[in-house]
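Note that the chains are named A, B and C in the order they appear, and that numbering of residues resets to 1 at the start of each chain.
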Amino acid sequence: MKPGIPTWLLLLPAVAYLVLVFGAPLGNTFWMSITEPSLGLQNFETILTDPLYARVYLRTVLVAASVTLLCLGFGYPLAHYMARRGGLAAALLLGICGLCFWISYLVRTYAWTVILGNRGPVTAVARWLGIEPPPVLLFTTTASLIAMTHILLPYMVLTLYVVLARIDPNLIRAAHSLGASRWQSFTAVVLPLSLPAVVSGCLLVFIFCVGFYVTPTLLGSPRDMMISSLIANEIEALLDFGSASALAMMLLAAILVLLTIYDRLVGIDRIMR
Amino acid sequence: MSHLHLRQVSKRFGAVQAVIDATLQVQAGEFVSLLGPSGSGKTTTLMMIAGFEEPTAGSIELAGRQVEHVPPNQRDIGMVFQNYALFPHLSIAANIAFPLKVRGRPRAETEAAVRGALALVGLEEMATRLPRQLSGGQQQRVALARALGYQPTLLLLDEPLSALDKNLREQMQIELRRIHRQVGITTLYVTHDQAEAMTLSDRIVVFNRGRIEQVGAPLEVYARPATRFAAGFIGDSTILDGTASTAPTELRLPDGTTLHTAQPLHTNATGAASLLIRPEDFHLGEPPAGANALPVQVLSVLNLGPHLLLIGQHAGREIRIRTPVSPAALASEGSTITAWWLPAKSWPIPPA
Amino acid sequence: MARGPEAPSLANAVLAWCVAGFILAPLIIIVPMSFSAASSFEFPPLRYWLGHYRTYFSSADWLQPTLNSFLVGIASSALTLLVATPAAFAVNRREFAGRRALQILLLTPMLVPSIIMAISYYSVFGSLGLNQTYTGIILAHSCVSIPVVLIAMSASLRNLDRNLERAAAICGATPTQSFRLVTLPLLRPAFILAGFFAFIHSFDEATISLFISGREVSTLPKRMFASIHLEADPVVAVVSALMIFIAVFAMAIATLLRQRRQPARA
């Protein structure tokens, strides 16, 4: 059939919009990173040589890696159970994970300020157990770690679930009929087949985590800043647009590298499937 | 003048020749089946007639009009899709009214046409239902009613029965024949099921690898297949290969046996020729004078209910014999028997 | 049901439900919090009352940001639908050179960290006079919602049977009639769903709003951020509880829409 409207015309609005409202502001930030306060690479020089910045990068990567591992550790059993159990239980669990996409991460962050606060349930339980003084959790890296794991966990679970649910249960039955134990059939059949989803879920969570701003700012320690908070700080506290832009560009470059890896391993366009 | 006329129609997708030089004439009111395995070009041919694909070469004439560049909505064709393609958001009546509505026909005429089409397929009481509330067989009838309701000049059916189970399929075949007789519309029917094509059609078009191999009435294609493919695809068959003897109606098998036939052989340059014998034309026992006879080693006996199918071999060639149930035939597995047939019951086909 | 080897083990079940509890518990805690009588964050609350709800519904300081969030959410999701729907058709229905690259490009706004977009908008909109304006926030939110709409629309477009449009054509419908009478009605739930997603995406967006919305057009997440960060205002619990109620409601509607979109197959 001959198409009615030419393809380029269908694409024009979205592409034009992206160029103007996405590309142009990013381009401007790049421009500022090499021209504020004067033309040159001095902003990049500072952020690449100052050990203060280096500590922030390292902390960001460590936190993101920890969150990723926590999400995988919690998410895999849940996704595996949903996929193998099926039925109403799976639908219910899927609903719980799905609900998280509808609830603002700000609301979930707030919940953790209550839970981890000094008048919250965690402190109460610690007191009841006789731990005095109770541990201080709020405004620590641990707090932002827990909350970010909570917020990003549904992404991991759904990524894993989609692939795990597609594994034919007959393969597992076959492995059993051939003499494999429960554990053997998991490690020899299910795990290898789900590996692409593990890679995809981990990269996705890591990418989201590296750029997280709101949660670490509200829950974390002001002394243990992550890169997003540092960028915000350069602008809000120091009004240093040049180095904020340079930091943003560094972060963007890191994200682009990760996305390229993701694209090679999984294919970014697969997100649309 | 024929109602539908394909002249040397070809279709290429990239490097793939889907249809090659298809030429076909269909008379008004005929029921013609396009039969072939998947990928043989039958569906592509249908899609070109419908207007969803444009031929790379050749012309298509429908009701005296060149249509190969006419968009599908201006061809005045009715079509039943393999998955029915009923509009899920419209009621049965609205589905059938759709073609009349987009043509801007008056309301009264549309309503009468919908009533008529529903009566034709016996689903009057389903008019207000939605497609998903109907069974597969009912959806099939609605699809048919929608394709006929506006009295198009040609009806295309794209494997419409393939999604139904066996009993329902047979019922629908009877139904299709009744409706075709009643309406008299020129119909093209795509199928890969040779039994279906045999039951339904006035003529069968055999497709293979993008080419039309044979066009003919069902019994003619069965009894006198033009090609080796047509012989093998339609019905059960035994094919014996050999070389032409001195007489044009004598075939010499590799083991030296000479077979006689009523028709001259198709001999190729190297002198090779082949004969086709249908399983029901074999007989067991003492051959009468003038019959061809072969010793056959029976490998297995399949009980098909009303008759037996003996699968055996002679000099490495598979022989398939259909015979009435008898103790002797049942016990023949593993032994060698004599099978005979009359020369007139073997049909020469081109050698491999 | 017989427990075959393909069924999950008991240990797996226990672990899974624990993780589900970890996901769900913080959300559930919010609801009693919102009825607490205490003046700051405390759980479990000592007394219950509706005072914080009264405060929320009578304070312009909270209602204005709520209204702003609704306005921005509706406007930006409408704009995103307008911009992204034709692209979704092109990407899913047409073959063209560079299709994959374009698909990736259209998805990137979702993958670039919000903080980068936030400071980029902050400086560009600053020089254009768009900071602290509805226009600015709507433009920014529409941009980051494009991938959301694209993903939602693509799923529906792929599920739409191409034979239905062929059937419309062979029935005599012109391409316009076919689009109006068949494609559009069948995609209506998809449009609503995609718009819904885009709205939620905007309604929940905090980082960009923090930088560019200012005091005049402050969105609800910005107001909440300030509350949690600086004041420890218990009204946050009310807003959070309301947002959870809305989310549950929205999800119920979305589930219904999805069921309507995928009728039972024969």
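The rule is simple: a contact is a pair of C-beta atoms (placed from the backbone, for glycine too) under 8 Å apart; a residue touches a chain by one contact, two chains touch by 3 or more.
Here the structure is a predicted model, which is why all the values come from computation and not from measurement.
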* To do: Taking each chain's centre as the mean of its C-alpha atoms, give the chain farthest from chain C.
  => B
* Pick the chain whose C-alpha centre of mass, unweighted, sits closest to the average of all protein C-alpha coordinates shown. => C
* Structure fact -> Larger contact count among A-C and B-C belongs to A-C
* **Mean-CA-position distance for chain B and chain A (Å)** => 58
* Structure fact -> Rounded to the nearest Å, the gap between Cα centres of chain A and chain C is 17
* Just give me the whole-number Å value for how far the CA centre of chain B lies from that of chain C. => 54
* Would you please write down the residue numbers of chain A that are in contact with two or more other chains? => 1
* **For chain C, residues contacting two or more additional chains** => 166, 169, 175
* Structure fact -> Touching at least 2 other chains, the residues of chain B are 52, 71-72
* Asked: What does chain C use to touch chain B in their complex?
  -> 161, 163-164, 166-175, 177-178, 181-182, 185-186, 263-266
* **Sites on chain A touched by chain C in the complex** => 1, 3-5, 7, 9-15, 17-18, 21-22, 24-26, 28-29, 32, 74-75, 77-78, 80-82, 84-85, 93, 95-115, 117, 119-121, 150, 153-154, 169-170, 172-173, 175-176, 182, 185, 207, 210-214, 217-218, 228, 231-232, 235, 241, 244-245, 248, 251-252, 255, 259, 263, 268-269, 271-272
* To do: Going by the contact rule at the top, pick out the chain C residues touching chain A in the complex.
  => 4-9, 12-13, 15-16, 19-20, 22-24, 26-27, 29-30, 33, 40-44, 82-84, 86-87, 89-91, 93-94, 96, 100, 102-109, 111-124, 139-140, 142-143, 146, 150-151, 154-155, 165-166, 169, 175-176, 179, 200, 203-204, 206-207, 210-211, 221, 224-225, 228-229, 236-237, 239-240, 243-244, 247-248, 250-251
* Show which residues of chain B lie in contact with chain C when the two form their complex. => 50-52, 71-79, 81-83, 85-89, 98-99, 101-103, 130, 132, 134-136, 139, 146, 150, 156
